[in-house]
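Labels for the chains are A, B, C and D, by order of writing; each one numbers its residues from 1.
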């Protein structure tokens, strides 16, 4: 085991609030351990292009509360090629990087495992995505901020829904995961929540809305996803209740930005410290997470399994929206 | 001139932040003048259906800071019929209403002028719409709140745009008026602003973006409107710059809700006081507005003319986005 | 064991964001179990005065996202007397209450244990206080909202601190607990955090600030508390560095209000459901909490012990502010 | 009249939200006119110390939405001396500055007039202070943001006040001006507003609160100021109503920071453009303001007169809080 003297860190995939807090924590921790940290810009793109900058905690301390990522991020097609990965290995050698920390989601971790197969550089992954679709951690970095942004939007929409006695379909982010929709829907007193993980809710919603008589607001939170689009939900609803005054609101990218919530800043700090200490102690190829509210390293294998909505959440969903 | 002893008030058309502040101000002012106020629920619908509730300032004082309208609002098809208007006149007689205050937009005022032709009840209109598309006032009630909501959203989007060096097309509300787009676009340092009032900007944008090379964020604010959809803008941009990483964000209904901004609360108060005092002093068929930052009554005729983007704003638009 | 048919619920002590979400969840859960719920107004005061109102989930659904408590709250001197407690028992009998749910802090739970010694009515406590000073739960209801409010304030203060290269002492709430100060201080990149639980930080701060040369912002977060006032901290600092441009900001009561954060709404829902199901299943004299991120009932005895800052948090504090 | 080729700009006195938007507008406008702009750091201190940086609009475009001032600000004792002013003149010569733009308040403008008496460099002042205590403009830069921050705080406090039926004295900023207190007090439905401009309100408040019987919230907004402290108000109130449950909340410095509101960003843009064009057109020693909602240059003499609360505002104050 090499003594870690120089860590490279990058953010990759979609940006998520809290990434800058994690960067700050990594650099601050590294400094106390006598380790130098370089920031690799634009994810794997910067690794391929040797685009590195030195990081100091003094500057990051002033930026840790900002949304987005000061290292910039990207999705990299080039890294999927052999050439891209070889260039990355060269960058690692040229800069004498002893270890890597990657902040991102599924795709980021797959990329790292791939790189790891041709280089034996130790690395730790930090789950940074607003979707909360990574196993091995209670929450991913950015999820709490995205939900807080979503609930403020839905609270706004409630004002209009109640002023007009109107039905609103609110589409929230989450790709193939229903976490944002469940958390924001429950938190806003939604009448119905549709998630990718279960399609039967839909039948229930139609039953419920068939008898809706425009004397109150009615709010449905829908997770964006491949199976059922919010437009389809809309036309199904109109087919069972033709008089309905219904509007669609897609929250979209605004959920992704903004200064991180307190929980995400704390999570970024906790995971940044955990990842850096883990590397220092000789750990490798693990994901830093918080499980049952405790800092925990997981093997990456465990991460691949699907993120199932847990039993408590499933029960809440049934209780409040059925 | 009848002595005003009982005023009926309603909100109509789209809800706008600040309506509750205006209600509070009307009732508070009326109380000091010994005038009773009844709230008519759901706009013209409540006028037709005799759906009135008494209003007291003590309760409204606790609700004046909330978004939406506690009287609820609606668009009324029935009011367009002779029967609907006759029933409205009957409601006015049955409840011994001496005057009406209507908070809403264009359609609301047209409805009032129509009612006025078959009843001689005095009324004052308060311009309440987020679109700022009413002549006779510097700003309409709800506009400042909508712009503040929009800029927070665009600030959020900037985080992602800068993290990814991405182009964002942000669609804001405004129907046929470019006010929300100009104010929010200028306030967020947008690279381009497209408004319904002028189509030539579009050519300029295409020229500018043709040479954009993905090294920075690029934010375009587009007013929703009939002429050019945000999807069309997107495909035009892609046709001149095929490599571009471009996303669309439609802010939609979230711009309409939320607690009103300070300016909108103050505007609601100023207009509510002005309207009530005007009725008390024998004014009729006028709109209460704030012109050149002074409370001003306008004849309704003046309101019909188009809301032209003023010269100063036009110059700013040219300076910052051309 | 009596079948539970009628639950009384009240909020007591300081108000905390999330209380209304918990009320909603209790009533919604009770409705599905065929249980009636009455709200007792103004905490123990309403129990003494027989001030009860029926609660329905339909109305609460629209209010669950609001700060404060719709049942109002109070600190009750009268409940400390024998007469007050006897009257409370009478109210329980007169209204045929089979069980109680009390949302509050330490004092509230002590009151319930006292009542329990003269009445055998089953009860469950829900920890509702922004201070996070209750054992048996990872977080108390209101804590996350208070921290989020605090960090927005401190972010604001950072703008001024950096514009002027100024030292700011920011006093946050927390009585005898340092949780709000640690969470908000770490989340805002504070240079120093002073907590009631340990006094030695203070020495360290003085050492650090002695050499501070006004070329940057310097932010100290101080927990309000008996031992060291923010004014004392200020004069100590001035005694070691006489040139310093230092300001005090006390966040005070604004930390207590505002719409609850997503985490607090979810926590209110989780605890409300847990408490109601527990009573239904025959549990009694327990506190509903979330431990290691799982819903957990604790005996009240365990709650009495001091809330120690946990080891992970202590390590973070040492790492970032020493 | 010299052709303007190089403008120096600085921010001075207390920081105010919108200053960065004004900087952006000045630089953007200057660029279109072929004028170079240098930023002078830390107000007059940087002028004395020759601490200048070049400014480009491309970078400022990303920072214009941020609170504080990227040029930093300061109050300068040294500038009051002859030596300080001579060094400033030297800096102007050394850097070949043809004109200055100063963003600040009273003190800043006095400093500029003083400098102007020993140097004939043309300058324009932009009123940047949250206090709105500058004549010659409807609003000063930062005022609208400060009021919006204040009303969010007071809305929060209302939650607690209503939950406890409590009296709150809320102290807002404003030095010797009552604008922040009037705007935030009216906007939040305050029961009483105390301003430095008139002391008689106080008598009225005592009359009103004498009969207050703790069945509702009661909110008093007090402007910080020399004459009557919030503590004095508190003890006067307690002397006429001894049972009262009263709390004090001082909003303090959080009113000064945070991202500027839409109005302040627009005001910054409008004043920045106006000031730059004015210098280009040969104007000098004027203040750029917005009067009756129109961009207006004023002679500095006019600025010296006291800022009187205008008649409309005075009438609102009497109507709502008396």
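As a convention for this text, contacts are C-beta pairs under 8 Å (C-beta built on N, C-alpha and C of every residue); 3 or more make two chains touch, one makes a residue touch a chain.
Given the structure is predicted, the values throughout are model-derived calculations rather than measurements.
Within the contact network of the assembly, the step distance from chain B to chain C comes to 2.
Distance from chain A peaks, on a Cα-centroid basis, for D.
For the pair chain B and chain D, the distance between C-alpha centroids works out to 28 Å.
Chain centres here are Cα means. That of chain A falls 40 Å from that of chain D. With centres set at the average Cα position, the gap from chain C to chain D is 36 Å. Residue positions 155, 158, 162 of chain A each touch two or more of the other chains.
Contact topology of the protein chains: cyclic, one closed ring where each chain has exactly two touching partners. Pairs of chains that satisfy the touch definition comprise A-B, A-C, B-D, C-D. Within the complex, the chain C residues that touch chain A are 21, 24-25, 28-29, 32, 61-62, 64-65, 138, 144, 147-148, 150-151, 155, 158, 162, 183-184, 186-189, 216-217, 259, 261-263, 265-266, 269-270, 273, 292-295, 312, 315-316, 319-320.
Looking at the complex, you find that chain C touches chain D at residues 11, 14-15, 17, 42, 66-69, 72-74, 149, 152-153, 155-160, 162-165, 168, 247-254, 256-258.
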